[in-house]
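A, B, C and D are the chain letters, set down in written order, and residue numbers restart from 1 in every chain.
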Amino acid sequence: MKLVEGRVRIPSGCAISGIISRDRRKFTGERIVESMKVMRERSNGLGGGFAAYGIYPKYKDSYALHIFYNDSNAKRECEAFLNEHFEIDEASELPTRKIPEITDEPLIWRYFALPRPSRLAASQLDEREYTARCVFAINARIDGAYVFSSGKNMGVFKAVGYPEDVGRFYMLDEYEGYMFIGHGRYPTNTPGWWGGAHPFSLLDFAVVHNGEISSYDANRRFIEMFGYRCALMTDTEVITYILDYLIRHVGLTLEESASVIAAPFWSSIAKKPPEERERLTYLRTMFPSLLVTGPFSIIFCFEGGMMALNDRLKLRSMVTAEKGDMVYVASEECAIRAVEPDAENLRYPSGGEPVIVTLNGGKDNA
Amino acid sequence: MKRVYVNEKWCLGCRLCEYNCAFANSGEKDMVKALKGKKIYPRIRVDEHDGITFAVSCRHCEDPICVKSCIAGALSKEGDGMVKLDRTKCVGCLTCVLVCPYGAVVQDERGAALKCELCLTNTAGYPACVKGCPNAAIVYEERD
Amino acid sequence: MPNYILPDFEVERRDDRCIRCRVCERQCANEVHSYDEENDVMLADELKCVGCHRCVALCPTRALKIVKYSGTFRENANWSNQSILEIYKQAESGGVLLSSMGTPNPYPVYFDKILINASQVTNPSIDPLREPMETRVFLGKRPQNIERDETGKLNNNLPPQLELSVPIMFSAMSYGSISYNAHESLARAATELGIYYNTGEGGLHEDFYKYGPNTIVQVASGRFGVHKGYLDVAAAIEIKMGQGAKPGIGGHLPGEKITEDVSRARMIPVGTDAISPAPHHDIYSIEDLRQLVYSLKEATEYKKPVIVKVAAVHNIAAIASGIARSGADIIAIDGFRGGTGAAPTRIRDNVGIPIELALASVDKRLRDEGIRGNVSLVVAGSIRNSADVVKAIALGADACYIGTAALIALGCHLCRTCHLGKCNWGIATQRPDLVKRLNPEIGYKRLVNLVTAWQHEIKELLGGMGINSIEALRGNRLMLRGVGLNEKELEILGIKHAGE
Amino acid sequence: MISKYVIIGGGVASTGCIEGIRKVDPSGGITLITAEPYLTYCRPLISYLLEGKTTLEKMLYRPESFYEKNGVRVMLATKSERIDPERKTVMLSDGTSIGYEKLLCATGSVPFVPPFEGLDTVKSKFSFLTLDDALELERAITPESRVFIVGAGLIGLKCAEGIHGRVGSITVCDLAPQVLASILDSDSANIVEETLQSHGINLILGDTVAKFEENVAILQSGASVEFDVLVLAVGVRPNVALVRDAGGKIGRGIIVDDTMLTSLPDVYAAGDCTESFDITSSSSRVLAILPNAYMQGECAGINMAEGYSSYANAVPMNSVGFFGLHIATAGTYTGELHEIRTPGCLKKLYVNEGRLVGFIIIGDTTRAGIYTSLIRNKTPLDEIDFELIKNYPSLMAFSGNSRLKMLGGVV
C-alpha cells in the first residue's frame, strides 16, 4: 500500500522559521527561503512549505483558496461545489516556476471567493465557520481535491521537496508580505502527497511544527467532538484545530490557549500567586484533553500576528530574536543570522512559555 | 527505653510469639530442629479466656522488684534499662516468681528462672515475638 | 440425604516439619485442623477447607500445603467436575447456588490482549525519576462554555470536582459485607493517598465520618443508611443502579451479619436480612434517574458530584449516553468480571459484558455524541494491576475503581467464600474474633503501598510513551495495540492490531 | 577519720543502702564496715553452696568492682564496738573511730542458742547462718557423719538439704509439731514433711532436747539421738546491741520510722536487725527476709542522702524449695480461706475484708507474684475476677482498662 497522509500516522522531525514586521512593512518571500536554506540538514526533501501574510491586497476581503487537484475530474467536481457555495471573483492556476528539483506536481489552483449570501444566511453560521466547514467538506468528500489554504489576504505554498526549492517553485521572491513562516520536513516514513507538506492552515490560521506529540490521539479524539476531522493524522493538523477551537470557538486568549496545550506542571502551578493558580488550575481542569505532551516547537500565525511555543519540557529547540520592528523565530539561530546578521535580544523561550508577537495597532488576539 | 508492648485488641491468641520466642532462645538455626518434639519454655506467654487473648512478657520495670528480691544477686537492671538474668547465678529459689506482679518470670525445664531479655542476649537481636506477630499485636517501641 | 460432594482441597502436612504449635488449628474458622492428643498428630477435615491459606501463611515451619483435590468425578469435555458438583449441590439443597468474588470462568480478559506503546528515536521517552510525571486527575462535569467577568477575567464555572492524586479509587464495599477493620483500612488509605473509598450500600459508621472528605457514599435500591448527615459528610454521592457481578440482581446481606454496629449504620434492626431490591423502586426509567440525581444535588446544595454506577450490559453505550444527559457528573461502569460479597453463581458467571468492550463503546458513543466532556468515566470490574489502569485510561476512562485488588492487598486469598461469613482474614466477616485479625494499622499501610507502587508503575509506563501527564493518555488509543483479536474486537476497542 | 556515710554491716541491706545513696548523691564518701572477712554475699545461698549449686564467686551479691565503682571504702573483718550519736562517731574494734554524717546500722541477726544443759560437752557443734558457719560445717562432715539438726525452720531444713547426700544420716528435731511453723500451717507442712522423709531425713517433731551428753541428745520425750555433728538452728535474734547501747528505741528489733530513721538523730537502720510494719497483719514484726532487707537499705540510703523515700508496705514472704518441692508463701493466714487442691499442688488463699492478705502454695508456684501484688496493693477483690484466678493467677482477672494501664505503659 502506498503510504498517504490520512491513512497512516506520520511522525516527523523538522525545521521551522518565521519572520514578522510588527509595522506591517512588506518584504519579499526571499528572506524566509534564505532562512530555511541554512537548515537544510533538518529536512530530507520530503516536504517543504511556506505561509505568507498580506500578499493579496487586491483581494484582501476574499478568501484565497489554494487547492491541489489530482486530476481534472477532481477539479470539475470541486469547482461545482465551489460555485454552489461561493461567489468566485477570480480563478486561476497558481503561478509556479518549472525546476528539476520539483516534480510530479498536481494541478494547483487558486480561487478568490466569498460565501454566497443566500447559502450563508441559510446555514446560520458566521462567514468564517461557513468557509471552514466547506473546506472540511471538500477535503473529506471530494476525492483528489485538497484545499491547503483558505485565509484572507494570505496564502500557503507547499510541495514535496526541500524548502528552498519549494520557494523557488512557487516564486516566493515575487510575493510581498509582512509575515512569513517556513517549514522543512523530515518525515520518518514517506508521504505520497503534496497535501501532507506543511504549513497546515485553516482560514487565516497557519501552523508550522517541529516534533512528535505523544498526546496525539487523546487530542484528536477530543477535538473531533467539535466537528473537526483530522484527515491528515499529522500533529500540525491537530494542533491547528486545537488552537482554532480554543481561540475561535471557546474564546480563550493566546496566553490562555498556551496554558492549555502546554500547561504548567501542577507542582509549578502550586507555587504561583493565588489568582494565577486559580486561573491555571481552572484551565487544566476545564480542558485536560487538550494538553499536548511530547516534544514540539510551533509557530502559529494568524492575520494579526504570531505565537511561538515550545512543549513544556522544551524537548525541541527554538530561538527568537528581534531587530527594529522585525521579530524572528526559528529552530536554529543560524536561520535567523542568515537573514539578519545583527539580530538582537536573542532568546531561548523556556518550555511552555508562549512568545506572542502582534502587529502594532492590531488587536492582540486572533 | 524500647520495650515490648502487647495490645490485646489485636492479639489473635495464635501463640506464634511463644514459639518464636522458644526458637529465638534455642540457639538453633532451624525452627524444626529447635522445637520439633520438644516442650517449649517461652519467655512470653499468651493468656486466653472467653474471647480475650493477650501475651505477657517481662515489662523491664523502671524499679524492678524482682531485682531487689533476688536472693542470689542474679537479676540486675542494666544500663540500657533491661532487666537481665544471670542464669549461672540463679539457684532456682523462684523469689522473682513470687514477687513479679505480671507473672512474667517463668521457669525453664530445670526449674530455674527464665525471663524475656528482648532477644538482645540471643542471636535474634530483635524481639522475635514482635517480628513474628502476624497482627502487630506485639510491638517494640519507646513509650512514656 | 446422601452427600456426593468431593472436597475442593487436600491438606498436605509435612510431619517432619510440623512442631505441633497448633497455629493452624487456632486460625482456621472452618475448623479443618485439629490435634489428637493421644497420638500426637494433627488431623484435617478436608471437606471443610476453602483454600484460604490462612494456615499456610501462619505456619511457622512451612509444614503445610493446600493443594487442589486430586480426585475427580468421571468428567468429560461436556460435563466438567464443576458442572457435576453443582448438580449434586443443588440436588441436595434445592437452592440457588451462591458464590463470591468475580467469575472464575475463562472468559477472555481483553486487557491481556492489549499491548502498550513506547517511544523510540523519533520522540524521547521521559524519565519519571528526572522529570515531573503527573497522575492527578479531576472527576466531574466540564461546562460547555467559559465565562468571564467584566474585566475579562475567567470565572471558575466548574461544577464540583473530585481530585485524585492517582486515577484509582476503592470501589464500593459495604460495611457489613466487609468488616469494620477492612473499612477503616480503606478509609485511612484513601485519606493518606488523596483518593476516595466507597461505602457501598452499608451506610457509614459514625467512627468513619472523619474520613468524609475522602468518602463516596452510596445510595442504592435498599436506601440503607441514607440520611442527611450521611450525604453531607461525603465528598461525592454514588447512585448504584447495578453491579457487574450481578446485573439486574439486588443484594442480600444475611441477618447474622447485621450486628449491633452494622444495624446502626444501615438503620435496620439487628439480625434482620438486609435486602436491596433488584431495581430502585422509584426509578423505572431514565427520567426517574434524572429526578433522583437532582434531588440528591438539591439535598446537598449542588456541592457534591453525583456518580451513577451501572453494570456493563449489552446496550451499555446507550445507557451511558442516557446517564450522561441525566445530570450525573460521573458514570461508573462495572464489568462482569467484577467482584461481589455474594451473588447467585449462575448470574455472576453468565450475565453482563467485559469492561474493556463496555468502556470502549461507551467512550466512543459519548464522543460521537459530543458529550464526553459532560461526564467523567470510572471503570471497574477487575482492574488487576497498573497496566490494566493504563490500558483502561488509554481506552477512554478517567479513573478506575479497584475492589478485589484492594482486598487482596489486605490479605484476601480469593477463596471465594465471603458469603459464608467466616473469612479467616478478617475481611468478609462480622465475627469479632475474625474481624480483629485485620489490624487497620497494617491494612491501611498495605493499601497505601499497593496504590503507591501502581502509581510508580503508571509513571514508568507514561514516561515510556513520552507522556508526562495522565490527561494526555485518556482516550489515547493509538498507544494501544491488540494481539490475537479479531477485526470486530479491534473495531469495538477502537485500536489497531500489533504490527499495524 | 570522717566519712559522709557510714554503713555498719555487710549484708544486702548495705548494698541496698549504697545503691540508694548513689541514686541521690553520686559522690559523697561511703564507708562500709563489716565484721565478716567477705564482701557482701548471698547468705541464703550457703546451703546451695554445700549442695554444689553455686560457688563462692557466684555467691557474691554484687561484683567486686561494685564497691570501687561506687566509691565505697570497705573495711572487712572490722567489728564496730560502739556508736556515739553525740559525736557522730563509731568506735571500732581496733581502737580507731570513724566519724559520720549519716549512719546506717545493718547488723542483721545473731543465732539464738537456748541454754541447753550439757551443750558445752558437745565437741562438734555449729550454727548455720554465715558463710563461715557453712564452711566450718563442711569441714566437719564426712560421708559417715550422723548429723543432728535442732530446729526445723527454714535454716535447719535448708541446712539439711545442703548436706543431704554428703553425710551418713540427718535427723531434724523441733519443738513444734510441724516443720516450718513460722510460714506453713500443719497440713501444708505435712506435704513438706513427706517430701523430706521420702529423701531419708528423719524428723522428730513436737519434741526437743532436754540435755546433751557429748554425742547423745536426750529429748524431753525421753528418746535419745546419737550424732557426730550438731547444728543449732533454733532461730535468730535481731542484732540490736549497738543502737540499744547508744540509747536508741528497741522493740522486737530496732524501731525505725518509714524512712528507716531510728530514734537516734542521723542514725538509720535496715534489715534483719529492725522491726518493720507488716501491712498484712497490721503489726510490727521482724521480717528477716532478704527482699525486705534490700528495700529497707535502699530506702534508708535515699533518705540518708537527703532524697525522699518511704518504705511502709512490707509483706512477709518466702519462696523456697526442698528437693524440687516448691513453697511460696506471703502475708498472714487469717480470714476466709479459699483452698484449691490440684494434683501436685496445694493452694491456700486467705481473704480478709475483701482483700487477699496471705497465701500458701505448695507445688506449682507459677505467677504467684500476681497474688503477692494483690496483697501489696491491697486490691479490693470485687474490682477483679477473683474466682477466675483462684486456680491460675493471670492478669485476665483485671478489667481491660487496668490491664491496658499495666501492659501499655512504662512501669
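By our rule, a residue touches a chain if its C-beta (ideal position, glycine included) is under 8 Å from a C-beta of that chain, and two chains touch if they have at least 3 such contacts.
Worth saying up front: this structure is predicted, and the values here are computed from it rather than measured.
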Winner on C-beta contact pairs when B-C is weighed against A-C: A-C
From subunit A, the most remote chain by mean C-alpha position: D
Centre distance in Å when subunit A and subunit B are each reduced to the mean of their C-alpha atoms: 79
Chain centre separation in whole Å, for subunit C relative to subunit B (CA means): 43
Approximate Å spacing (C-alpha centroids) for the pair subunit A, subunit C: 47
Interchain centroid distance [CA atoms averaged], subunit A/subunit D, Å: 105
Chain-to-chain touches, reported pairwise for every pair that qualifies: A-C, B-C, B-D
Partner subunit C, residues of subunit B touching it in the complex: 9-10, 12-16, 18-20, 23, 31-32, 35-37, 51, 132, 134-137
Footprint of subunit D on subunit B - complex, ascending: 3, 5-8, 47, 49, 52, 54, 56, 59, 61-62, 65, 68-69, 71-73, 88-89, 91-103, 105-107, 111, 143-144
Of subunit A, residues touching subunit C in the complex: 9, 11-13, 188, 211-219, 221-222, 224-226, 250-252, 256, 263, 265-267, 278-279, 282-289, 291-295, 312-313, 315
Contact footprint of subunit B on subunit C as seen in their complex: 16-19, 21-23, 26-27, 57-58, 60-61, 63, 432-433, 436-437, 439, 441-442
Residues of subunit C defined as touching subunit A within the complex: 119, 121-124, 126, 131-132, 134, 136-138, 142-143, 145-146, 153-154, 156, 158, 161, 367, 370, 372-373, 396, 465-469, 471-479
